[in-house]
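What follows is chain A paired twice: with chain B in the first complex and chain C in the second.
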Partner chain A sequence: MTELKSDPAAVFAVEDDLLPPVNETRRFFRVLFSRKIVVFGAAIIFITIVCALFANGIAPFEPNKQDLKNVLAAPDFTHWLGTDAIGRDLLSRIIHGTRVALLIGVGTVVISAILGSVIGLVAGYASGFLQAIIMRATDALMALPPIMLALLISAILGGGVRGVMIAVAVSLLPGYIRLIAGQVLSLKENDYIMAERSMGASRTRIMFRHLLPNCMSPLIVQMTMMMGLAILTEASLSFLSLGIIPPTPAWGAMVYDGYRFLLRNPLLSIAPGLSIMLLVFAFNMVGDGLRDALDPRLRGAL
Partner chain B sequence: MDELLRVENLHTVFRTDRGVVHAVRDISYEINESEIIGLVGESGCGKSISQMSVLQLIPTPPGKIVSGKALFDGVDLLKLGKHSDELSGIRGEKISMIFQEPMTSLNPAMTIAKQMSEVLIVHLNTQKREARERCVDMLAQVGIPDPGNRIDDYPHQLSGGMRQRVMVGMAMLCNPKLIIADEATTALDATIQAQLLELMYEMVRRYKTALVLVTHNLGVVARYAQRINVMYAGRIVESGTVREIWNETAHPYTKGLLKCMPKLGTALTPIHGKPPSLIGESVLCPFRPRCEERIALCDELPVGAPTHLGGSHSTACIRVTEGKGL
Partner chain C sequence: MVAYIVRRMLHACVVVLLVSILIFIIIRLLPGDPIIMLLNQSTGVSFTAEQIEDLRHQFGLDKPIPVQYKDWILDVLRGDFGISIINRYNIGAEIAKKLPVTLCLGLTSFVIGLIIGPILGVISAVRRGKAVDTLVTIAANIGITAPQFWVGILLIFLFGLKLGWLPIYGYTLPWEDFVMSVKQSVMPVVVLAMFPVASSARQMRSSMIEVMHEDYIRTAWAKGLKEKAVIIRHAVKNSLIPVVTLQGLLLRNIVGGSVIVETVFVIPGMGKFMIDSMLAHDYTVVQACAFIMILVVVISNLIVDLSYGWLDPRIRYD
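Our next item is the complex of A and B:
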């Protein structure tokens, strides 16, 4: 072998010209909003957030103000969507309902994602007994339909926003544990995990600083997808009178209240039902878009 | 020169469905301070496993270190707990490793800055800003152009050669006493390979670090190493200085390896047959079926630890040791 004294800097300078840097953030947004349906979904979510933040300003009436002289009114120019059985303005109640929907949607998903990731990380990275215990317990929870699990917990804790949040969060938990544990099982075989171990990183450091960031894209997608499911579960619980306690405007409870008057004023059930559908659809579409945009195979592509 | 690492009778097995695989069978060797050692052998002969065993990096189960000692600074590394602070303190700070695949040995979700400074933060409790400065300095030393900006890149923005330079820099950061380069240049093309070897050589010279070059390329070893251990089927079959191995080759397997080295204009002479299965106990010489110099004694005598031939040369070949009347 002869002396090789080429100048490394010169070699790499050429390479830099061939590979112009890709702005990851810009690429992310371009892929995300490349489909119109995702833009539509994002717009719905944006409108919902604005409604929830400024409900008092946007809603034309007090959501709980009764007008007993004007019950079950048909839509007109004062009450755009009409009034319900005790004369409350439907549009105002739907606008105020965004608060519960978003609180449950975002809140439960965040709680269950954090808990689920930690448990999933431990289950995936540990091996043997601990892993078996966690995974079998998760399987047992998964054997129950999520709505049954949520019903059970909600019935024990009683209704209200807090009870519903815990119930929905627990019902979503197994999905996250499975997802993260599965990711970790394959990620931990990677060379860089071995390299980390060889340089003396502790197990906690490897789990939270190295494995978790690599699970982020599927986790974010799962979170947006689960937001739809969480809102649906809350609506189902409220519909079954095990969810949000009545005067608080919640879409599921409104569908339930309205269904007795389905023939006289179908809008009372249809309008909140449609709101649920739209928001869930929006979250799923944005989740879909995120999955495409976060696809690691597209990383660095133009 | 002072002795840095002494491995005695290291034996590592893997339990599989088809039987117990003896990946490393009773090997002993030592490494002196600031010495460069070559560990040569074909794929699957236990080179990597022997090195990973020393730091207890093999997956257990199915792997298990059955017996042996690895004395480093008077501490037996194999006696330390797998997750103990003592062992974590040695990994990366006193002994660091460079792995084969530069494309996958860096975490794709972290910038180079974060990954490199992690070594300093874990071991030396360095402040973030200071760690970053030292990393930039190290990147400059390993020949990364514009290190101040490249340090904020993600691994996928660097080429294979540059990533391996980063790995070399990372391994050097804590100024370890021993670096184990496990086929560190095998995955790179010939020109980059030569640049990196030159770089590693300069770095270990500058910092007086000992280096184990695990490779199947005898040319690489001949150029840089002072001593060579040749492994076959989990055993060290011959060891000695480069000169001893080249001029007084004792083991037929080493002779075969030397004949397999590509030279311009001459046809290669391959070693016929394939390496034996490592499953189950065996006492006879593992190279026996492929050996061209086999004698009747080879089918009778068990093969033991390499026998000393003079200088630092030793071999496990029965024909040589018996012929000398030892």
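Our next item is the complex of A and C:
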């Protein structure tokens, strides 16, 4: 007995044989929610989704209904957070603002992940001229601060939900191309790719059936992390009045509108800003948790 | 080494050229014809179609886009950014006034990030799991997720309006009125440095924790070195490398953040200049601003890359 204990490897070997097979799904969720902060993040995301889906039912007022007799009202029991400069209920506008935030966050990340993966796969797998062109162009785009690229494109498209979506998606694209191309460059040296090639599999089959599935873990983690960045970029564009067009409730634009009335009702600026921060924080924390649950080796790399 | 520097510089030139072409094309696509905008401003005066064509010709807007680009880039290389179509000022002269403002704020924030970030990271890693660590980790997460414009507004509300300690807008260059400059810089620099400090601290913490498990650290402890010596001479030096890699990204972020910070604090720098020109549909100015800002990013990245070899002699230049 004492002999066994002195050799830890032997103890583990015995226990490994006795343990029942691990349920992968259960292990995934156990690791994912092992930290309280990840549970907190997931709860915030869940509440945001509920708010976005049932905004009409949850919000006490119409988000765009003006009440000119009751402008800049202080918080009270009818208007929990007060009203803005043209008498719109702040709380209702924040609740409706979840729609734009989630739509832009999820939409841009999905668009740029799909486009970025395809371009990255090609760049990583192809060699020579095509690879050089894609990688140089990506380098060039990486030199631009993402917010500037998004600003320029949003200005061209004239803002609005669609314009902002394209602008933010393009600004996120270089990151995905780099990530996937880098993964593919190391993956394609593996023996199983060589085996597949020697069996005469087509390039498309190798790229989509073998390389892409192996890039999935880092891709999913990157997508969750980018969700926060996308929401931040959208808010910044809207704050600079080059994003979502006014009557649509968007948190960034609300911070800007409230800026002029800081002394009358600071909540007008503070509350929507806090919502942005909470949601971005939530996505980053869940991204962290996903990384640990999917592939702990990525720690530090992403 | 020399060959490496030359190669890196050539690469930087290619990047600048590529991005300038991209920006040029994007800006040609911007809505609103500047000539029409200009004419709309001069109310009461009517222009004939001929005069409009004349103006278009004067600004070279009637030529094909590749030719326009060639003319523009050749002028830029000579230091001539042309004149603003809308307001008729010399763009180069205006940039010369605004660039120092952005550089002062950006550089201060960058240096603060470079010093405070790693220090916080080291403290947090050394006291892992203690209250300090939790505090730093939470602060770093806030620094990464809080929208810059919102933090700026909070600072204005608290220190500008409620307490009245700091001026809430404007900027004075340090060599004009140092005290005023410092007062006006505090809040913008805090907002700009927030992200770099937070990211550097996080990166430093995780690489420190990794390095502390290395064999050479155990050897250092075993030799009987003091904690200070082990941490500073052995662990910190080796964990700094990924933090330096991160600096290129942070510089890019500071340049991008200047657009927002300068708008919030009404600072006459490059960022505000660019946003104002964008809202006024002033093509030539947006183009020049974007070009200068990319140049700043590329040059500073070049410096970061080259400083690598100095920090880590293991890196080979081939």
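Here, the second predicted complex is superposed on the first by the 275 of 302 C-alpha atoms of A that agree within 3 Å, B and C clash if a C-alpha of one lies under 4 Å from a C-alpha of the other, contacts with A are read in each partner's own complex, and residues count from 1 in each chain.
By definition in this document, a contact is a pair of C-beta atoms (placed from the backbone, for glycine too) under 8 Å apart; a residue touches a chain by one contact, two chains touch by 3 or more.
Because the structure is a prediction, the values reported are computed rather than measured.
In the superposed model, A:G273 makes contact with chain C only, not with chain B.
When both complexes are overlaid on chain A, the residue A:M199 reaches chain B alone and has no touch with chain C. Legend: residue contacts after superposition of the two complexes on their common chain; A:N214 is shown touching chain B, with no touch to chain C.
Once chain A of one complex is fitted onto chain A of the other, the partner contacts of A:N190 are limited to chain B, with no touch recorded for chain C.
Contacts of A:L68 after superposition: neither chain B nor chain C is touched. Comparing chain C and chain B on the residues of chain A they touch gives the larger count to C.
Across the two superposed structures, the residue set of chain A contacted by chain B and also by chain C is 299-300. The touching residues of chain A, counted against chain B in their complex, run 1, 4, 6, 8-9, 12-13, 15, 19, 21, 190-192, 194-203, 205, 209-210, 213-214, 216, 296, 299-300.
Residue ranges on chain C touching chain A, taken from their complex, read 11, 14-16, 18-19, 22-23, 26-27, 29-31, 141-142, 144-150, 153-154, 156-157, 161, 206-207, 210, 242, 252-253, 255-257, 259-260, 263, 274-275, 278-279, 286, 290, 293-294, 297-298, 301.
Of all residues in chain B, only 55, 57, 83, 87-93, 96-97, 99-101, 104-110, 118-119, 122-123, 143-145, 156-157, 159, 162, 167, 170, 191, 194-195, 198, 219-220, 223 touch chain A in the complex they form. In the complex of the two chains, the chain A residues touching chain C come out as 136-137, 139-148, 151-153, 155-156, 158, 228, 232, 235-236, 239-242, 252, 255-256, 259, 262-263, 266, 269-270, 273-274, 276-277, 280-281, 284-285, 299-300.
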